[in-house]
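Read through the structures below before going on.
Paired with chain B in one complex and with chain C in the other, chain A is shared by the two complexes that follow.
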Partner chain A sequence: MTIGLVVLAQATADGNAFAQMLVDGISFGAIYALLAMGFVIIFKSTSVINFAHGALTGLGAFLIAAFATVLDFPGRYLTFLPEWAQWTVNVLTALVAAALFGILLERVFLRPMVGEALFAVAIVTLGVDIVVRTITNDWIGTQPRPLGAPWGLEVVDLGWVRIAWSEVIQILVTIILLGAIAFFLRSRTGVAMRATAFDQETARAQGVNVGRIFSVAWAIAAFLAGVAGLFYSIFPRRATGVDQATAFIAFRAFPAVIIGGLDSIPGAVVGGFAVGIAESAANTYLTFEFLGNGFPGIVGYLLMMVVLLIRPYGLLGTPEIRRV
Partner chain B sequence: MRNKPKWLALFLVLGLVLAACGGGEGGDTTTTAAAEEEATTTAAAEEEPTTTAAAEEEPAEIATDVGVDLEAGTITIGLLSDLSGPFSPLVQIINTGHDLYWASVNEAGGVNGLNVELEVRDTGYVVDTHVQLYEELKSQVVAFGHSTGSPHTVAINSSLQADGILAIPLTWYSGWSDPAINSNLVPHGVPYCIEAMNMIEYLTTQAPEATTIAIASSPGDYGQDSNAGAVMVAEALGLEVVYDGTGTIVATDPATLAEAANGIAGSGAELVWVTTDPTSFGGVYGQALAAGFSGALWSGAGPSWNPALIGPDSPIAEPLANDFYISQYYAPWAADSPGNQMVRDLVEAAGAPPLDYYAEGVIEAKIMHEALLAAYEAGDMTQTGVLNAAKSLESVTFDGLAPDETYVGEANDRLQRLQFISRPDLEGLAGGTSTGATLVESDYTSPTAAAFQFDAACFALEAG
Partner chain C sequence: MLAVENLEVVYNDVVLVLRGVSLAVPDGKIVALLGTNGAGKTTTLRAITGLLDIHEGEVTKGEISFDGAQITEEDPSNRVRRGISQVMEGRRVFVEMTVEENLRAGAHTNRDGERVKEARERVMTLFPRLADRRQATAGYLSGGEQQMLAIGRALMQDPKLLILDEPSLGLAPLLVQEVRDIIVEINQQGTSVLLIEQNAKMALSIADYGYIMETGKVVMDGDPAKLLKDEDVKEFYLGLHATGEKKSFRDVKHYKRRKRWLS
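Take a look at the complex of A and B:
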């Protein structure tokens, strides 16, 4: 409450700084939201927290670097397109490859665990994380790999606020993906996914191909993780590209997942933007010496604790009803 | 359903095999055997081993205990390396430097006929693991060719002293110059703290009108030792520290990068000193640019730099090439010195890509080589004998690759104050003629660093 009042008092004093803080927070929050949505989609369909999500993020970003800069595939055959369009096609191809890899992981490592204790399945995802991250890191090697985003250092300067073009694109892409997922959840497969999450056995009895639903969930999560990895690895976030530490960003999205509610996709989005804006506000306004350095890094977790005290199932999560 | 465990086991094994086989640049935790095969003998490699005439005269009897097998003709050296943690990209290259150097020595007859083998362990940059692996290796090796990380090296220091074993710290912490700490350590290169003094004073010669500086760093000995030196030199030169983000930057936490970038951009500083890892540096620099901050001169401790920052697809390449001064403990790849030529020959013969960090492995190996030769000459190749030999080395020369080192005399005599300064070299990197750095100053020390009197570490590091 005190922190909120301090921020509010300072925000009213300088409108431009407030606007910049908000834009930075939304930009950050979009990355968290993309990651959080991936976590939630797998949790919704399998009731398992996917500890391999970081590895999928690193892998997705690496595939984009490989397709967009090293291989230039399939852009090199589409010379009639402008450069930015070639790059976009390369990125989409890499994201499809990431999604296929997600399906492969699910089919090989997770499918055999259907019906086993959820704890055991979660531990398998930990193992998958180590295997995929080790392989990806070996592929990445010792040097960061740039993703070759066509916007470079271009910044939109409106006078009262500055925002990099890459951040504008990132926010637009997040909104589009959010809409696409909302649409998907209302589709036949989406409804089947929700039914599977609610009760696997009953869904199976109703003719839902549960295995296929799991594959779709992993494909979507891997796709979203790749998009998050892309925007995290380009200017202005980490201008040098994807490296062996990229995978760790996924775990920064955990507070967003918990704040929104583990099983709520809108909640993941709300949580993602809430954490992003909270961190940005702390960066801009909570610069008091007694707080020391690094305070913005814990603001997301503080916010998570406050939310859990008020709403133990997150802002939009489903309350668990138990007979006592 | 019955076959699931078999399938799962099969694919897990397949995954691990892929992980082990994938790529070719890093993760090598074996001995030099592979490198021996790779490093075909070159003229330079043959000339390189520095066996002295005195050392070739075999003493009547050579004392040995651990890690030296006269019958088998082997000397075993341990490397406590970060091969999976935050510094693994650098340490993997450094270890290749070790491999290539010792392979060339072995091909040329070894250390007085004894072949050197490496026992490499991955500490993951975890202190507890580091200590465990030290305990494992101390009964197998005659000395440690490097010990990665300052808190890690501090954690094994009392054991090193109790066991009478030598280690070369793979860190540039100023505390290694403290006689109370370094009885079993032979540091090399300019410490972070002195490096900051050198570089910031050098920046003021490039921007004489500058009166303000912003500093930021990673937490721990690396960033905080460096920034302690930055604060000292700022005071000495009358520079105002308008933003102090010492210890702010955590590589895995994007909020901390934004915090440092906002702090620097908001300060309007004319000079910027950032000590962190290269990717985080790129993030801080990029976000400061995005916030409209430009016109300042930037630099940071040696490990903050990586040529990928100015690589062909790096969006920050051009502005960084204008703004940045590279601090180096050894001369860059393309420098014109016999020591650099030796590294280039070793690396090219092995078909490895040109990179600056091999030099660090070669420098560490060269120090160990000199210690082994001196121990052999003294007839004592026990662990303590090699330690004593290293501590008696009056001068280790690297033929221009790095400043000479001495391990005798008072702390202020031994303290390394010399270093190299380079500028980013976009054209050289693109054309393959350099590793992205053009040397502008060799054996440089600033007046403040030259006058600095060492009495304690710039930043106190707690044991364990």
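Take a look at the complex of A and C:
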């Protein structure tokens, strides 16, 4: 298998470049997939199109920077642990804090909007995005804040492809999270969440506390956004750390949501990796001067337009999104 | 067990739909609630189970109590926890989920593993066809099977009171019989039943007591034998589904009759 891959890689015009392109694409795609998944979870279970997802990403990354490097909390009290484990505990604490912020935002800004038109609620989330981004940026300040990943700039060189340690870990973490979400969706709360997503009134008739489901959905989405923010703010992405522009990553993840189908969680994953690989391919092969440096950033949108022409509801979305 | 007193419900702050409905479901009995389209049966159910808010409805007067406790303003999930469970009008199964997942959704408030197991056994015995198709997607079941699933789902929380809203709607006569027999069996296993129906013949054939609603009011109540003998009931409800011709004839006479009931 590995040999096959090597042969395939070397057989391509520039095999190494191709393999490198794939690795980069998958690792970037994982970030998009995490963001898109959270977006879809919120949309499905609470009927909110969440334009504040970027703000959640920036907030999550900032909290990780704060807990892991500024405060070193609670790691500083866990001296019996190796350093990387202390860092991991700090990050998990930050992610829990991010999830709590997610719950709070839903409770304060979106719960009162239950029953209002989809569009009106989407506009409210734009307001939430601005509020959260402003506050987070104030906390971040003008300098990027490093997240202090213990594996730093280390790279595994396999000869035909180079993978950063952080990418290896990122892909592993993403796989674990995908598995955890799949498992969750079959759990008691997960089944209740899917029931709520499908038919809120009937879910309530089964005794599901729909408000609690909203909280869980936002907690999960904020957690996933935090993880995406983490991997976006370390080497080999933006190694300097989280800064005021981190939140804009969400705009590059939105096409992933649409490509996969607004209401499909597997779709979000497929869309995320599709956009990641497409961007990476553009980065590797489309280096025409006249397209400029920003071109890979719009590849996701181009791909989205093509997909929408062929499948108006996305790859895995259901044709009529709202049924009553 | 369940007591509804002088219930008044308003939709959208203006539409008065229930005007002082009172009814009771005693422990262990089957009570039928009959009425034509728009009489307010489903609204009564929503008030009892706490689901008026999504429909912009509100209880403006009256009280609902269950096992002696006031539940008029209680959260719907608490009412389920107390043991009130419903089969909604139109089945409303989660068609994207499997049969098993539908049942698990129904068991949401039932956190006692043993009780869930017993409830599942009971459902599987009542509906062997569901047992065969546990992993099937609910949307691929036939209409009758979906109705069985809706009833099974409601039984998963092991309720004290089961409220069914027009379970015979859209079912072939043979299936109506089957649903009727199942309701009797559920009741014999110790669950009280409030059966909302337009099919009066079916409902009254198994009920211990019956109420008849018209335009938001109970216009007649009594034991089934008495109701079955009543001329008005005979005319409006029995054989309502007989033939289209007869039905329209009755619709014409409907207005006059209703006036007599109200006077």
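The definition used in the following text is that the second predicted complex is superposed on the first by the 302 of 324 C-alpha atoms of A that agree within 3 Å, B and C clash if a C-alpha of one lies under 4 Å from a C-alpha of the other, contacts with A are read in each partner's own complex, and residues count from 1 in each chain.
Here is the rule we go by: a contact is a pair of C-beta atoms (placed from the backbone, for glycine too) under 8 Å apart; a residue touches a chain by one contact, two chains touch by 3 or more.
Keep in mind that what you see is a predicted model, and the values were worked out from it rather than measured.
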Clash-or-fit label for the pair chain B, chain C on chain A: fit
Residue contacts on chain A - larger count, chain B or chain C: B
First (chain B), second (chain C), both or neither touched by A:Arg194: second
Partner chain(s) touched by A:Asp263 [first = chain B, second = chain C, both, neither]: neither
Chain B versus chain C as contact partner of A:Asp129, first or second or both or neither: neither
Contacts of A:Thr284 with chain B and chain C, given as first, second, both or neither: first
Geometry of the superposed three-chain model: angle at chain A (Cα centres of chain B and chain C, steps of 10 degrees): 140
Partner chain(s) touched by A:Ala245 [first = chain B, second = chain C, both, neither]: first
Touched partner set for A:Asp24, first chain B, second chain C, both or neither: first
Minimum distance between Cα atoms of chain B and chain C in the superposition (Å): 10
In the complex, chain B residues that touch chain A: 4-5, 7-8, 11-12, 15-16, 18-19, 22-23, 25-27, 86, 88-90, 92-93, 219, 245-248, 250-259, 261-263, 278-280, 282-283, 285-287, 289-292, 306-309, 311-316, 319, 355
Of chain A, residues touching chain B in the complex: 24, 28, 31, 69, 108-109, 112-113, 127, 131-132, 134-135, 137-139, 141-144, 146-149, 151-153, 155, 157, 162, 164, 232, 234-241, 243-245, 248-249, 251-252, 279-280, 282-284, 287, 293-297, 299-300
Interface residues, chain C side, partner chain A - complex: 49, 51, 54, 75-77, 80-81, 86, 88, 92, 94-97, 101, 104-106, 108-109, 153, 157
Chain C partner contacts - residues on chain A that touch it in the complex: 115, 186, 188, 191-192, 194-195, 198-209
